[in-house]
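Each in structure tokens, the structures are laid out below.
Both of the next two complexes hold chain A, though its partner changes from chain B to chain C.
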Partner chain A sequence: MIEVEGVTFKYEGSGMNALRDVSLELERGKIYGVVGPNGSGKSTLLRLLNGLIPHFYRGEMKGRVLVDGVDTREASVAQLSKKVGLVFQNPEHMFFSETVYEEVSFGPKSIGMDPEEIKESVRWALEEVGLWELRERSPWSLSGGEMKRLSIACILSMKPEFLAVDEPTIGQDSLSKESLSEIFKRMRGEGKGVVIVTHDLEWLDELGPDVVFVLRYGVVINRGDPKEIFSDIRNLATNGLIPPYRYIVDSLLEVG
Partner chain B sequence: MLDPMGMVEIFRTQVGETPYSRLNPSTKFILFASFIALPLISASLPIQIFSLIAQVPLIILSRSERRVKRSLKASLLFIVVLVVLNYLTTHSLEFSLAMVLRLVSMIIASAIFMTGTSPAEIGDLLTKLKVPLQITFSFVIALRFIPVLADDVVMIITSQVSRGYELERGGFLEKVKRLIPILIPMIIIAIRRGHQLAEALETKAFGAIERRSSYVVYEYGRGDWILLIYAIIVITIGLVVGTLTPQFQLLPFRC
Partner chain C sequence: MLKIENVTFRYEGSKRPALSEVSLEIDRGEFLLIAGLSGSGKSTLLRLLNGLIPHFYRGEMKGRVLVDGVDTREASVAQLSKKVGLVFQNPDNQIVTLRVDREIAFGLENLGLPREEIIERINEVLKKLGIEHLRKRGTAELSGGEKQLVAIASVLAMKPDVIVLDEPTSELDPFSSARIAKVLGNLNREGVTVVVAEHRLDLFAPKANRMIVMSNGRIVREGHPRELLYRGDISLHGVRPPSVVKLARKYGVVGAQPLAVGELIVALRRGVRIDRS
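Our next item is the complex of A and B:
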């Protein structure tokens, strides 16, 4: 379980808190959706989960984050990466290998998996995201959508207990989006915890998260059952979020 | 300790306005030029120390104290290595120190200028000085790139450590080798950014006309005058200190 306890964080040099008194719990076997307008603190929240904050970002932090009872301050990001896998918004920042295959094996090697296990998990991760056929290609020769899926495979191959993904659907066509949903649902089925940051509520609704958090100005202003949150159309709209289509239709019918 | 994130801190995008950023761009440019010229007046150690100290007011006005401090601290190892290498070739500790301080003070001057001046301001300024558009533009782009790249470095490092990568392992050589997964994405991203920019410029018909129109007017305030006078004083002192005979011969290793 990941426990975020009363965390307030201000980046160094910034005049505003990026997160304000955020408390939440993330369990295994569940999918969590995190939504909110630009700059509301979604990526900052993810950086807390694997210890990038406070280890790599300077600033003032109050409160604490516990990953299976261990304070993230007490463990290194490398250690935490075995438990919490973080997939960044921009995949390009991680690629440096000659082939897709090598790229995916970088994480498992870094955390000291044994060679047999690495082979197995790299193959599994690449098949999961549908890139096994492209394993000999250069990561840089892939399309934007393929790069994003490759970045997910790079983390999947490390077999983390929790997977946190920033904006997975950007640049994905509808088929890839569907296969992403399948991956995340399978992970939930295997008892992994999945945290998804997205602006794409339509897709999130189809994914069927167990809990949704709505962030605004660094505050969790709403949380709970996705049905309740999605049907509060007005609230979503004032936060710059487009509610899923079927909820809009429902509310129109109700008014009529 | 090797802390590449700290080293680039000084060039990272500055958030918000500072008394320095509000100055007239030409004042900022003159200050920048003065503080680049000052350490070059002579190779003597006193001049280098003076250049550093004379920049303190600018560091404060641009609210860069923390960033400068962090970058210096993070670069300490490199600075020591540079001094030692210099010493091994020149056999003069004073000369080596002077050269490294010169480098540091020029880096600080550039960082204050780049992070506190918007590229648009620099562009307008160079255009007013009748610098050809192509040169102005290349210069502005180069300046604009540095903070963007510094931000990229942060994202690259955090991406790799999130994959279980440890930057800090091993001795010095091992640590340098460990920078490869950081350096390769950085180089590729820089090249790709360059390409994207070239394409973007062409679609916007850049270079179709000789003189681009501009409508911004910059004013001169009291702060500008004070700092201009400061620049003149500093350069004058520099020239006086610089003409004092140095304690050692210039480039002694050539003798």
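Our next item is the complex of A and C:
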């Protein structure tokens, strides 16, 4: 379980808190959706989960984050990354290998997986995201959507128990969005915890998360069952969000 | 004004061409929407329009591209960018300065505009996109969506005749996405030519006068968005109709062929055969 307890965080040099007194719990075997307008703190929340904050980002942090009972301040990011895999929003500047295959092997090697297992895991991860055919290509030569899926494969191959993905649908067409949904649901079925940040509420609705968190100005202003959250159109709209269209249409038909 | 003549392009080091025998004419004042699977060649096509291909990307190019009659090989990217502004798919690849206001000023200085005009244009575009609060922020410290808005702003501020955007709303929240669609719609009405590659058809199909679908480096469909999205066979190429179209089908308002959620609501209100299945 990951427990975020009363976390307030301000990036160094910034005048505002990016997160304000955020508390939430994330369990295995569930999919969590995190939604909110631009700048509301979603990516910042994910950076807490694997210790990037406070280890790599400078700033002022109050409260604490426990991963299976261990305070992230007491563990290294390397240790945490075995448990919590984080896929960045814009990962392409982090690629450094000559081929797609090597790029995906890097993570498993760095956490000391054994060579046979690495082979299997890399192949599985690349097949999951539909990039096995492109394994000999340079990461830099991929299209934007392919790069995003590569970065997902890089984390999948490490077999983390919690997977946090920042905007998985960036650059994805409808087919790859469906296959991403399948991956995340399978992981939930295998008892992994999955946290998804997205603006694509239509897609999130189809994915069917167990719990949705709504962020605004760094505060979790709403949380719970997706149906309840999405049908509260007025609340979403005043917080800068638009629910999946079917909820809008349903509400119109009820009134009319 | 933009003419792609039978272009085939293969990136250096890659076996397959990213574009095969593509021909496309874009007239002044059009709003063209480009759809297609990831990897189908959308970004490659856009890179042709401002000369990034062949000037910056290495590879083998056949055919030619004309911008106002000038072959892009004969013009520099700097010259072309005065006419054709491109918003990159990933804003990180576009942003070159350390502060938001300087980022927007950068392109304007290259146009050789006087200082007052630059300041005026910065004010105008920040206001138009609702990001006045970001003016003095460091570009490295922006959230993903904020960066994307700044990248769009810096191209809009240059007021090119043609604005080309590569998945411009991929990181934007619903209100910012709608705002971008609206701003582009307004510019188009003022005569600016707009070319957008997007998966978010719900936002741009209602604004576009023409839509093309790409698959495996070719243009495989072309027509009015209404016609393409309601004819249905574009799903052969992996492009799914947006939710509005699905809902219109579900509730039997297909006759009205709504593309925008507003049109769907109007159609439902008129009670066009509401089938509560």
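We adopt the following convention: the second predicted complex is superposed on the first by the 256 of 256 C-alpha atoms of A that agree within 3 Å, B and C clash if a C-alpha of one lies under 4 Å from a C-alpha of the other, contacts with A are read in each partner's own complex, and residues count from 1 in each chain.
The definition used in the following text is that a contact is a pair of C-beta atoms (placed from the backbone, for glycine too) under 8 Å apart; a residue touches a chain by one contact, two chains touch by 3 or more.
It should be emphasised that the depicted structure is a prediction, and the values quoted were computed from it without experimental measurement.
In the superposed model, A:S174 lies in contact with chain C only, and not with chain B. By the touch criterion defined above, A:E92 lies against chain B and chain C together after alignment on the C-alpha atoms of chain A.
In the superposition on chain A, contact of A:G13 is made with both chain B and chain C.
In the superposition on chain A, A:N50 contacts chain B only, with no contact to chain C. In the superposition on chain A, A:G39 contacts chain C only, with no contact to chain B. Once the two complexes are laid over each other on the shared chain, residue contacts for A:R137 go to chain C alone; chain B is not touched. Of the two partners, chain B and chain C, it is C that touches more residues of chain A.
Shared interface residues of chain A (contacting chain B in one complex, chain C in the other): 13-14, 90, 92-93. Of all the residues in chain A, the ones that touch chain C in their complex are 11, 13-14, 36-39, 43, 89-90, 92-93, 137-138, 141-146, 166-167, 169-176, 199, 201-202, 240-242, 244-246, 248-249, 252-253, 256. By the touch rule above, chain C contacts chain A in their complex via residues 11, 13-14, 36-39, 43, 89-92, 138, 141, 143-146, 149, 166-167, 170-178, 199, 202, 238-240, 243-244, 247, 251, 261, 264-265, 268-269, 274, 276. By the touch rule above, chain B contacts chain A in their complex via residues 5, 14-16, 66-67, 70, 152, 154-166, 180-181, 184-185, 188-189, 192.
Looking at the complex, you find that chain A touches chain B at residues 12-15, 47, 50, 52, 56-58, 76-78, 81-82, 85-86, 88, 90, 92-96, 106-107, 110-111, 140, 154-155, 158.
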